[in-house]
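First, the structure itself, so that you have it in front of you.
Note that the chains take the letters A, B, C and D in the order they are written out, and that residue 1 is the start of every chain.
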């Protein structure tokens, strides 16, 4: 493999505390090293910004609902399907790009890793088929557990050890990365057309509450010591007044300490917090609850969050929160897709237009920005658009421009048709903070890497770390104040190194890299009870045989397996 | 010693049963018996061992007879045809693996093909309807575990999906459905008193071609509005009675088939059935599902979906963009209008299943057909390339009618020297690369 | 206004994609530049000049440009598609997508058009002095936004799925239509001078349909509510008024349900 | 008094015998037996004066095919006829799709007349014949 030396760039690396100093980065055999020989290829990064490759902590990029969203929306790419010159394939789709476009676009934005945020275990093979076809970026997927019958039955009796053994079994069958929980209990209730809107609403038949599920999954996650924490999409998403339920759920993590060998400090990651930070009782008196929620998050060191920024686009919402999508369809009457998955979960999809002329959508935009701007510790707050729910990930550069330039976001805020209403319903106008490049590196690199338990090799530029490096045409000494300029600078990297290879140069994809699928193999003590329950459920209730359930090896030809030993004496 | 292969997936229909047990000879060459399969599935496995199977490519001669050629010759001819043609119909894919489809799409993107699958004459109407109005659905296990009202509308699983009723929809006992059949009320709506109708608690005979009107009447009744005395031959009292009963379901499901997709109005029949299902969700929980035919037609839609964003009829002929318009880029329309210059058929038999005028148009163009067996299409093609039977002689991923993917199993070796779809397509792809590098189009 | 005249000099062997034959693409161009615009048959890229003789030159903008096309265009797609201003007259039958996604200007076809013409028409005047195929003025697949503005006039008959998902504008059909007229309509106005086969106004949320002839089978979701005297496209007559589709959702305005309306000439 | 020619509404559908025959091979006897039949209502058979298992000529707007008339097992209403899907049925299926991609497989008018002495072509033959590929 070739050697590189990236010279004279302004380096931003929270791992080493480097804040824009000029520093050379040496690369050899896919790793960052201290020094390279004189034969190394020189990359001139003068007047450029150098960061580690970014990590996407939460996006819907592969799997059954993502794909349904693609193919049932031909109108989303009818005029948006192009092939760029070079080695790339045809790229299609605005709100839900095809797998090819997904890989290329993430790479062009400087990303080297993306987490698929919701994998129904029964559909794991589908998720991995798409991951397999997504070029360049490394990917992993989180199986969903919050409405799984095994989990509901074990946690009803607070059987944490059995829960953990079952989680370990699922991770191995599905090549999954960690524990995702979506609308705990509510999605099982949805199988009967019902929902759980607070954490104390009982789940029909199973006699358990969302609170018990959340707490039990956090405990099981720490019992196993997985690299990532429990990853929660809370109950009552998207409804005015939900911030109380949000804080109630976050409180469940109080007093629990992270137990793992990966440097992770949080026990709960609360995702797309924007959708969960609303005050008021209806859309008429709706107000931002971002301050209340972030005040709590800032105090609790064992929590991480991501934002879920609304980008004010036409997009496609999709979530395992089945009842929410049904509710949304009732509001906008656009085409509704739903699938309930036996014993495990559900999913819904509805196209959505975040019209800036609408005061509610403009306020949601403001709430998302507030979440990031209120965050005291950028190592615990990550920028996402909950792609494609609040907007497509391809809009990250625009989100960065709103966060990094007060001028830019104020221009947007004051040009809303109902600006007065938005300003009075939110606190955004009062916030002066501008996210710095260093903070951006924390929120998109070092932070997510630590949260996912990958901080040893990813999210930084220290010697020994993986050579995933993004170089932007940004001179920190002359940081643009103009929104479109900031956007342009982040939209196409000057260079993207993935595993020490140049994959993007001048915004153009030049190499497909060495794409890997990450998953976690947790060893637990032999558990006869759980194995018996699994056999029983497959014989009686599943529609596929147990032997046809696992993801075959060939689906993930390049695996990065993270081993965890959770056997107990 | 003969051995048993268990958990075998049946590569016939969209039910994708995964509990077959196949007995094979100890040399892995011959299937000796099949357990758990329906009559059709069993025949598929049994046909594998019949003598007289074609094992090498064949080329049609001037006198109409076929002459054996080598794989290399067939691959070269095919690649040349693809490179030369300005617009090629690449139809089929429903009986091959997702892995093979992926390679096929790569070829299509290079040569300017239009990739279409068997949905085009099957559940294409359903896909149009879902594109227009979405679909509330579920996996088959949900029906087994929860459904207490089951409606078969214009479908006949007793003939087309023989084990569907016993595995998922009528007879099985599930978690919340411990009484099995007794706990479910089964309706069948059809213009014929089919064998499926004979299993139903209630049969509603609709006048052929009046499904849209009848579904409109169901929706109107559900909103408590007035109806004419009869709709599509069904008295209004009956319509009100059924609608009220469906509202009292705990979990209801509508299965539909060719009775809706092939009948006047096509996609609209499904569209309005989906809307009825959506309306029912204001009262209780309801789902609807297409009874997909070919065992992996769903998979083709999925792979096209994640690679191009459209479920079928994907026009890559411009090579720099993907387009989709049923009625234009669909196989039968392309052939009716003679909009393509060459035809490439894989894992399907349009000769048996397309209307004759479309096939007359096809027969006048250079044509390659890739199929394990001789069929109607191979006999009007310039070249027939035999391949291994996917799901029997080679594995690969397939998607069930509810979009659940299952990796099919290889149970016996293919005949010696016979390529798999993946191997063959890979070689065609390489040959296309070589020709294009040499300055082909 | 400058006039460009195109005369077909060669017939395509397949179908020719003429997405560059419209006032917007021609604006500011002389005959030589127009000749260089792309035209496609599958993967073969040729030019407008390969298929047409071009005389005259375009105006500075689309609004200043008039295009006249002579010769047989039966195998030409996308003529006048996406035009936003100016004028275009085709003295021939045309293939698919003629006048689709049109936003403004005036397009006249002196012949028949095939399917998918006038898709999602948003503005302008589109006149077909012949018959039209299926999906006239409908939405593109999957879109809930069909024809939203402008005037679409067909002298003869139209096929099936006419005006699906229409949200605005006006369509006048001189002759008959086949099945599914105004399905999923959510606004706008359709005037049908002839007869409709079946399924008029199915799943209609909002909008008005006027039918001068007969409908073979009426949708069960329509209910007569009275008679009204109206003047419709220059014809004064008594119409029976129906509301519907009663099986479909309807918006409310000031507490009152707003139904779709179907008027049948007595 | 039987009529010489009657008009019926034709639907083409899958049957389990057709499925089995298809998997047995398109040139197999099983396939031939399963697909070269037309299910008719007894009243229509009476109207035409045709006995069970007699060959009939079925003509649609696009062509004709010879199949064997049989009494239906899955009840039809009078006026409705059914040929299992396959190259014989498709010999008469109109290819018009209403711009939906789906031809008119179900619900098209056909004329039926007795053709007791005419031969039913084989699966490949019926297609090759239509395509003009049989050298006579």
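The definition used in the following text is that a contact is a pair of C-beta atoms (placed from the backbone, for glycine too) under 8 Å apart; a residue touches a chain by one contact, two chains touch by 3 or more.
Just so it is clear, the model here is predicted, and its values are computed rather than measured.
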item	value
Chain nearest the global centroid, as defined over all protein CA atoms shown	B
Between A-C and B-D, the pair with more C-beta contacts	B-D
Where chain B and chain D are represented by their mean Cα positions, the distance between them in whole Å	23
Between chain A and chain D, centroid-to-centroid distance (C-alpha), Å	57
Euclidean distance of C-alpha centroids - chain A vs chain C, Å	44
Distance from the mean Cα position of chain B to that of chain A, given in whole angstrom	35
Touching two or more other chains - residue numbers and ranges from chain B	128, 131-132, 264, 319, 324, 326-328
Contacts with two or more other chains, residues of chain C listed in rising order	115-116, 134-135, 140-142, 144, 179
Set of chain A residues in contact with two or more other chains	72-74, 76, 78, 334-335
Chain contact topology (line, ring, star, complete or other)	other
Chain D-touching residues of chain B, taken from the complex the two chains share	12, 38-41, 43-44, 47, 50, 63-64, 120-121, 124-125, 128, 156, 158-160, 162, 191-195, 197, 205, 208-209, 258-259, 261-264, 266-267, 293, 313, 326-328, 330-333, 335-336, 349, 351-360, 363, 373-376, 379-380
Sites on chain D touched by chain B in the complex	9, 11-16, 19-20, 22-27, 62-63, 72, 74-77, 80, 82, 85-87, 90-107, 123-124, 127-128, 130-135
Chain A residues within the chain B interface of the complex	62, 64, 66-68, 70-74, 76-78, 81-83, 89-90, 92-93, 96, 98-100, 122-123, 125-126, 129-130, 133, 149, 190-193, 205, 326, 329, 334-343, 346, 349-350, 540-545, 547-548, 552, 555
Touching residues (chain side chain C, partner chain D) in the complex	115-116, 133-135, 159-161, 178-179
Chain C residues within the chain B interface of the complex	13-15, 17, 40-44, 96, 115-116, 134-135, 140-142, 144, 165, 179-180, 183-184, 198-199, 202-203, 217, 219-221, 223, 245-248
